[in-house]
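Listed next: structures, encoded as structure tokens.
The two complexes that follow have subunit A in common; it is paired with subunit B in the first and with subunit C in the second.
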Partner chain A sequence: MEEKRIGVYVCWCGTNIAKMVDVERVAEEVGKLPNVVISKNYKYMCSDPGQELIVKDIKEHNLNRVVVSACSPRIHELTFRKALQNAGLNPYMFEMANIREQVSWVHEDREEATKKAKALVTGAIARVAYHEALDKRTVEINPASLVIGAGISGLTAALEIADAGKQVFLLEKEAQLGGHTANVELTFPYMIPARQILDPKIKRVENHPNVEVLKKAEIDEIFGYIGNFNADIKVNGDSRKLEFGNIIVATGLKPFDPSSVDLHGYGKLPNVVTSIEFEKMLQSGKIETKDGREPKNIAIIHCVGSRNNDYHEYCSRTCCMLGLKFANQTRTALPDSNIYEIYADMRSFGKGCEELYTETSKRDIMFLNFDQREGIPQITKAHPGDCCEMLIEMKERLSNTNIEVPADMVILLVGMEAREDAKEVAHHVGVSKCGNDFFIERHPKLDPVATTTDGVYIIGSCQGPKDITDSVAQSRAAAARILACITQGTVEVELTTAVVNEDLCCGCQTCVNVCPYTAISFDEEKSVSVVNEILCKGCGTCGSACPTGAIRSRHFTDQQILSQIKGIMSTEMTEV
Partner chain B sequence: MEFKPTIVSFLCNWCSYTGADLAGTSRMKYSPNVRVIRVMCSGRVDPTFVLSAFEEGADGVLICGCHPGDCHYHEGNYKCLRRYHLLQKYLQQMGINKDRLRLAWISASEGKQFAELANEASETITALGPCEIKKSIETLA
Partner chain C sequence: MSVRIDPDFSKKLAGYGKADWNECFHCGNCSAICPLTEDGFLFPRKGIRAMQMGLKEKLAGYVDPWLCYYCGECTDTCPRDANPAELMMTLRRWLTSVYDWTGLSGLLYRSFKAHMAVMILLFLSVIAAFVAFADFTIPVNSEGLVEINAFAPAELIASIDHIVLLTLGFFLLTNLINMFVKVIIQDKSVRVPLYLYFVKVWEAIFHFGTQAKFAKCEEKRMYWFLHWFLMSSYIMMFIFIIFFLEWFQTDIVHPWYHPQRLLGYYITAGIVISCVFFVWNRIKAKKTIFKFSHHSDYIFPILLFLIAITGILIHIFRLQGMPQATYVSYAIHLAVEVPMVVTFVAFSKWSHLAYRPMGLFFANLKKAALQKQYKTQLAPAT
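The block that comes next holds the complex of A and B.
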């Protein structure tokens, strides 16, 4: 057996780690462990000089295994694996110890943090000793793509890919295309008609030779991996199979239902309407109350369901501008009306948005501010003889007075929430959801449309509340990513799958039953289990169920993890 | 000397490890005696790993996976849950208090919950005192 020669690198991450962990001491102490040939500490391991240091050492000291103790492997594991590859080592002969997110940033006692860091690095060293070279498999990319959801995001992405000459399956749950944008009259801040944006896209998609539009469609199941997905779907009730190489999820949002906000009286007071209902009125060209009268007093209430811990903590990002747009449209349609913009904070951050705010404020609109923490405006039926139908009681923050605002129509600017089927979609495509059920991107800043599942992208409001501008930008970004992937033609996939040692397999078929991907079958002739490497996703649950230890979960083998446990538990810090 | 327990924890890559990372990026502070081992899925946590951790001297073991229904691999966390119940029984038979092993669901967005869990686990195990199983094994050997 070849001699194990491990190089260990402890990163300072500037002061991020070094402030709370004595990196020099950790490097020095783990340097004494068996198989460790060199142990160094360095300011920024992920920087070019940091990586070059590893490459140089691998060559000079003939290292065959490397441990980097730095940030989370979720951030830089791939970076360092590449460095190993550059030095001619198999990228899997690498292990990372997370001493930033899980040590220096979460602890306050330097001695304890240093001790823990040393334990984790020792565990990584013990683990890497048992790492083995793994091959990557190169797979062909199926040039077709699946886009789920045909709102403004899905339509844009589908066209972008189709215009580049690649096939797209555009799947829509409803009978019509266009999503929520189809229910909008004018878009903020430039008052461009939504149909003017949407209709040409729908028309092009419907007639595009490279787009197959599947309406009233739903997904039964999606199998496979980047480059080689396939799906069982139902279109209008009929089963179909699709094959594609990449997936864009553009499933959109669900408007917040204000029935649960008692103080607003939605559902009880007939002329309390949601922004969606008001938008319909605008589309029909008539702003009128339920009994067909022209409202004299119109109030627009912001942050309904948003930025409020009783409902959703987050900001829905579009409602403020929508409120200003409504005020403008109402002012034009009903020049003599009284318009009240009842807001918590005015957030006009987009291009052209602050200008819309300025313009709106010049149009004789009353802006009234409330403090969410002190309660939301309460809407009640007015008393007989009052000049209006409803009264809005609120504490006006700027004047610090309790006031009553007359209203004949109240528009609730409802926020956006994740769709109820987000969970199913997440399961189908293998993405994670945040606490609010929006899908999680691979990296919030550096990789905002990709997900942790290769070949799956998220765009538009299924990732978080978004306006049309941002949704379109994301759509084109995801399309570009996919086109780049298709142009490459092939992609390397990890082979961290399970493998059966036929000599040890007793044929009990426990693994066959626990596999969630039906990736394990039973060879009757040999009386052993067989793993289909294409279907296996490497979860390792078969490995922990196997009674004889016949199944190896590659890169997460029993030996590797047991060794890591031993390593973690073995450390005693030399007292200074 | 004050007893500071060592807790070995197995975190699934997709939810819990990311949640623990989030506790870090959010700079939440928690007790430093939790030592994390990353696995792809809580379903990968072989009972042997837990037993081995105790054998090596851990005072507690924490397993974290995705919330029910949210498993990246569909149902690995359910498999883990079943093994956990059996394992707790087994631990008791071996003379290890079952509360030394804990299974919890931590999603990718639950950094705060992870920090709280680490503190809670630390308090529980501190109250239970050191796990003597390693010593017992050594005596027997």
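The block that comes next holds the complex of A and C.
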């Protein structure tokens, strides 16, 4: 067996780590451990000079294993693996000790923190000694794609991929295409008719040779992995099978139901309507109350179901602009009406939006501000004989006054929610959901359309409340990602998977049952379990469940983990 | 208790002054920069909000506009060009009409035509009265002096003055009571103990005499001085006319150093210089405080100026022994004075002479009463 030559690098992360951990002492002390050839500390290991330091040392000192003690491996493990690769080492001969998130950021005693950092580095050194070189694996990509949902996002993505000459299956639950955009009259901020945006897309999708539109379709089950998915679906009740290489989830949103907000009286007061109902009124060309009168006082209430701990904490992002759009359209339709914009905070971000706000504020519209923490506006029926049908009572924030606003029609700007069937979709395609049931992207900043499941992308409001502009941008981004993947023809997959030692496997099938990725199947002939290395995510569940120790997770072997624990325990620790 | 908002209020207010107040996004820079605003009386932002929402009842009891002397600092620093200073001015005009129970004030403010019509009518009535009852042919006496008291006897003029004064005084006083009710009585948040009225009244009198708060406005000393010069001149003239007319309007020509003549010169100089300065600056409209003018801002100083000029003419013609010219000047002098006094004293710009010190008085009362209430609340239980 070759000699183990380990290089250890302790990062300061500027002052992030150095202020709480004596990095110089850690580097010095772990340098005395067996197998450690050199041990250094450096200001920013992730910087170019930091990486070059590793490459240079590997070549000069003939290192064959490296430990970097810095931030979370989620941030820079790939960076350093690449550095190893550049120096000619296998990238898996690397281990990272997280002394920032797990030490310097969470502790307050410098001495104790330094001890803990040393323990973690020692564990990493002990572990890396048992690392094995792993190879990369590639799979072929099926050039067809599945798009779930035919709203503005799904339509855009489908067209983008189809125009590049690749096959698309576009699935829609409803009988019509267009999703929620079809219910909109004009779009903010430029007042472009939604039909003008949507209709050409629908027409093109329906006539596109590369798009197969499947209306009234439902998914029974999706199997497979990136490049090689297949699905059982039902179209109009008939079963079908599809094969494709990538999936785009564009299932969209559900409008918030304001019936649960008692103070707004939706459902009890006839002229309290939702933004969707008002949009329909605009499409019909007539703004009128339930009994057919022209309303004199029109109030638009913002943040219904949004930014409120009783309903949803998040901002639905589109309602403020929708409210301003309504105010403009109402002012044009009813020049003599009184229009009240009752808002919590006006959020008019985005191109052309602040301008619309400014324009709207000049059209004789009264803006009234309320504070969610002090209660939401309460709508009651006005006394008979009063000038109006309803009264809105609220505490106006900018004047600190309790006021009542006369109203004949109240428009509730309802927020966006995740769909009720998000859970089933998430299960079918293997994506996770956040606390609000929206799907989670791989990285909130750097990878906003991909998911932690390779080959599955999320676009539009199923990922979080979004306007048409952002949804379209996301759709095209996801399409570009898929086209890049298809063009490459093959894709590299993770190798930290489970392997079965067939000699030890007793055929109990415990692993088959526990695998969350359906990656293990049972070979009836040999009576042993078989791991599909493409589907396996290396989570290790099977390994811990296996009664005979026949399954072993690559890069997470018992030996590696136990020696890491031993390493950590070998240092001097304070009893807590 | 909720206050009903009124979306039409801002439109109604337009008759009293105009600016882009809806531009205001309530950053509060105006209140921060104001040298006169203080805890409990934070203006002008609060007033802008109440105006935007049309909280009429709240605004009617609002004393803050009377604490503002229009230095223009807030308008200069406003990032939205919403012109808060002009709102305070507009609110002073509107409040004047709110205190006035006859409704005449609102009419004079809202309509330039109505104001002009009332003035012309009064002007012509006075001229007609002179033509009908006065003798323009009375010659100079044996000593060569113009016998003005033969043309218009001082006792008679003084009696008419007293009637006019009592009438206008009645309106002004009832308006002041109205103001007191709106500002102090209807404000349920504060109860003013009786003794405070006696303690605080001196401060109000002091500020009435000196306008010391105006001097607090930065770099506006010149305006403060001229405003004070005008006010002191005017008050003296007013006192002479009402109480000492027989001493003031004499047939005898005193030597130039006689106090009667010296005071007359002071009054004339004060009115002429200040009025020319203010009107000229309003025409130029360069400085913020002169940029925005309501018709009342012009009519008032122009009338005062005309009163002073006709006064000078009476003086010159009298010294020159020209009886007819003196009588005509005298008739015009009164024909200008009467419309000025009748339209302005109780119903328009002049009335701020009364409302401003009263506003300050009421504000001080509230402040002291609130401090007292606060201390009582904080006092440890015994």
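The criterion applied here is as follows: the second predicted complex is superposed on the first by the 545 of 576 C-alpha atoms of A that agree within 3 Å, B and C clash if a C-alpha of one lies under 4 Å from a C-alpha of the other, contacts with A are read in each partner's own complex, and residues count from 1 in each chain.
The definition used in the following text is that a residue touches a chain if its C-beta (ideal position, glycine included) is under 8 Å from a C-beta of that chain, and two chains touch if they have at least 3 such contacts.
Note that the structure is a prediction, hence the values are computed from the model and not measured.
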{"item": "First, second, both or neither for A:396, with subunit B first and subunit C second", "value": "second"}
{"item": "Partner chain in contact with A:423 - subunit B first, subunit C second, else both or neither", "value": "first"}
{"item": "Subunit B versus subunit C as contact partner of A:101, first or second or both or neither", "value": "first"}
{"item": "Greater residue coverage of subunit A in the superposed arrangement, subunit B or subunit C", "value": "B"}
{"item": "Which superposed partner A:368 touches (first subunit B, second subunit C, both, neither)", "value": "second"}
{"item": "Subunit B versus subunit C as contact partner of A:338, first or second or both or neither", "value": "second"}
{"item": "Footprint of subunit C on subunit A - complex, ascending", "value": "338, 340, 361-362, 366, 368, 393, 396, 398-399, 401-406"}
{"item": "Complex contacts: residues of subunit B adjacent to subunit A", "value": "4, 6, 8, 13-15, 17-18, 20-21, 23-25, 27-30, 32-33, 35-41, 43-49, 52-53, 56-58, 69-70, 72-76, 79, 83, 107-110, 115"}
{"item": "Subunit C residues touching subunit A - in the complex, by the definition given at the top", "value": "1-5, 7, 22-23, 26, 46, 49-50, 52-53, 55, 58"}
{"item": "Contact set on subunit A toward subunit B in their complex", "value": "72-74, 98, 100-103, 105-109, 112-113, 115-116, 119-120, 123, 423, 426-427, 430, 432-436, 440, 452, 496, 514, 516-517, 537-541, 543-545, 553, 556, 558, 561-562, 564-566, 568-570"}
